[in-house]
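Listed next: structures, encoded as structure tokens.
Both complexes shown next keep subunit A, but they swap its partner, so subunit B is in the first and subunit C is in the second.
== the complex of A and B ==
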């Protein structure tokens, strides 16, 4: 009698309610090998993009994913602006950074909240989600929607921040700061969280480099890689923030890193609101998109987002392609899961903050 | 030990943080992007809203007798991105803060903005032109009020017949006609 057998995990309800299927070879309770199967939420978005004009694709790319719904249109617009050879007004660049960081805080708090839920600590999950609600109120109050900000347009931003919304945003940030600090302390010291998350799903530095993981997954394993610093865009070079890194590379360190990044994002937001110059928030008129191809990349909450656009001079893209962080990160799950317990699979999957709808689009 | 216990007790004492909707009105911020609203008195039928709409929620169809355009925006197709309102040059399309869009399944095609926008008429020859509603005339047509109400060919004619010659030594067409 063979002591190993294959356990199907998924496609539904592995960590988030997003479909992902694993064939897990287990020996008793221990995972020996993992095989991933993807493709359950393929919606043909790249083909859809080729059948829509430049403007319609702002809305389409915003709907690729809900948690990083600002990073997609932002990178898409950056690629188009690179192609057209135009420079976005400085105020618009600040507004873009603000929108990105608001989304980052909400996304990171969501992920650490889900981690508490997977540990079985639902009261902490509810508390983390309640803290996140402060940022949700910012999105709803300043942008007009809780998830899809609708902040961007080709050549600038659609929204502007006046004195009233600036005051509102600063109030909310002041409300958020002590709560996030408190949350950091809970995640750092709570014995339940520590027992379940420390030392599991370890991704050592050499493997992180080999699998070319990005975002918080890479940074928690000691790879100091952040697009905001490595290939600065918008106004990031002028902003004062530290790229958070860690060396443990386990589930716990990735969660802690996300909370620390949220704290950095709060500071970025405060700097932006303070330094934002007066001026137009977008270029006047319509930006003509010439024939040619261009790329752009940016740091989404989960890591590097890469956009490629090719235009034949008409009002529709000839090709629009994007690569999302989860594409690199989920391959590393094979390293993280090797030797773990079956009960830890959801925690490890959640720790890479997978976004299946981005990756399979 | 158990650092969360204190927070939990605090949360417990604070009571529920959800809103009492539907028994009490829910808070809606002023900038909320809800149901789109089309004002036929501002619309000039430029069609940019339909062009930028990723959802294809907007339809503009010329009515049979050619007197105007039937403008339809289906709220069920709309994704509330607000691009139409952003690009609308006359702000005929706006996003309201109304999010009360619940309706019965059989009404799904009836929940829509439905308006009839009448074409304008050239003040000289009566040809069909884009609408010239009063608010638009006040906003855009004050520089050359006469020409603003004309069709393109009458406009060219009137420009060619200007009494002021383009160059001082040239004779205008107006004088040569006489």
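== the complex of A and C ==
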């Protein structure tokens, strides 16, 4: 009898929210090698983007991903602003940071919640999702939507925060803070969580650099790279926050890092709401996009988002290319899964916070 | 920090391609972007190991037609690198027919997926690719889907629905009521 066999996981699988196919070579219960086959939700969005005008692409890019839906139009607009030399009003820059950080908190809480579910701790999963609901209420109350905020436009924002919404947001943040602190404590001390996640799916620093991973996955392995600090944009240089890093590089450290980042995001939101100056939230008219090429980057919840725009002087892009954070993190699963147990596969996959519709576009 | 990274990248490029081969732009937050145009044959294979030695990181690769509607032949591939927050974009001309470029995955491991993606979307041949499988597009489909001019009206006019059902019905015995239905 052969000692190894191949275990197919996916494309449709109970532990995956989106379709991805893993060809897992196992020896007994131990994983020896992993091959990935993608392409189950390829939508050809880059081809669509070349057939839409500059404004229509704001709506299109918002639909690349649901959990980082604000980062995409934000980075797309930044690329166009770099190309056309558009100065975004200061209030709009604050509004953009607020939208991004609201999404980040909700996204991180969603990911750590799913982790509890995969561990089999479903009451903690529901508790994390209930805490996340506070941010969902912020989205629904301020933006009118629970996922796609529709906050961005070229040269500014399409929404504004009045005194009433500001008070509502601050109230929600005050509700959130003690609950996130409590959640951090549970994830940090609960024996069930620790047993299932510590020392599992380890990505050492040298491999993190070799595979060029980004976002919380990279930072949990000791790569101190946060686009908000490395490549300042919007009003991040004026805000006080710490880039979270760790050295353990396992499933647990990635989850803890996400909770700590959510705490930092709450502080960023409070600073923004306090300091946001009065003024216009967008430019009065449309600035023509000249011929040329430009790049913009931002830190989405999952890591670095990259946009490259190339214009031939018409009202549609000659080429619009974006690279999402998860695209960089898939291959590193081969390192994280080597030698792991079959039962840990979903936990490790979830720990890179994968977004498949993002990856394939 | 930014100036050091910019200087390292500049040196890596100019020692190979000469002074003025890279030009720098800045955005309003003072982030630097370098731009290099590479049309000499074989220059990419000389530049890539230099950038790898400078510990640059490959951000992504963008392939595109020099003319969107293919009225003029020619493709370009833009390789985007990052070093400590500074981006360097190296645009490589691809003039051969059939279009081909060397793989840089020897120096940049994450070039693997990017190269497979433009292989299937633009029909560009990547020489010495370690794993030239399809990435996203099914192997039954033609390569170079993004390289063809398909007007949006054709892409989205719903013609496929009728064609699909005609194929389905041609392969099965239709019930009498369906044949008679207008």
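Assume the second predicted complex is superposed on the first by the 358 of 361 C-alpha atoms of A that agree within 3 Å, B and C clash if a C-alpha of one lies under 4 Å from a C-alpha of the other, contacts with A are read in each partner's own complex, and residues count from 1 in each chain.
To be clear about the criterion, a residue touches a chain if its C-beta (ideal position, glycine included) is under 8 Å from a C-beta of that chain, and two chains touch if they have at least 3 such contacts.
Everything numeric here is computed off the predicted structure, so don't read it as measured data.
Superposition of the two complexes onto subunit A shows subunit B and subunit C fitting side by side, with no clash.
Of the two partner chains, subunit B is the only one touched by A:141; subunit C is not. When the shared chain is aligned, subunit B comes close enough to touch A:189, but subunit C does not. In the superposition on chain A, A:56 makes contact with subunit B only, while subunit C stays out of contact range. In the superposition on chain A, A:66 contacts neither subunit B nor subunit C. By the touch criterion stated above, A:341 is placed in contact with neither subunit B nor subunit C. Within the superposed three-chain model, A:158 lies in touch with subunit B and out of touch with subunit C [touch as defined at top]. In the superposed model, A:308 lies in contact with subunit C only, and not with subunit B.
After superposing the two complexes on chain A, the shortest C-alpha to C-alpha distance between subunit B and subunit C comes to 11 Å.
Interface residues of subunit A facing subunit B in the complex, by the touch rule stated above, are 52-53, 55-60, 62-63, 121, 123-124, 126-127, 130, 133, 140-145, 148, 150, 153, 158-159, 165, 182, 185-186, 189-192. The part of subunit A that touches subunit C in the complex is made up of residues 38-39, 42, 44, 46-48, 50-51, 81-82, 85, 87, 210-212, 230-233, 237, 293-297, 304, 306, 308, 310, 312, 318-319, 321, 323, 327-328, 330-331, 360.
Interface residues of subunit C, counted against subunit A in their complex, comprise 27-31, 33, 35, 57-60, 62, 64-65, 67-68, 78, 80, 84-85, 87, 89, 108-110, 112-113, 121, 134-138, 145-146, 150-152, 155. Of all the residues in subunit B, the ones that touch subunit A in their complex are 1-4, 7-8, 11, 17, 29, 31-33, 51-55, 79-83, 86-87, 95.
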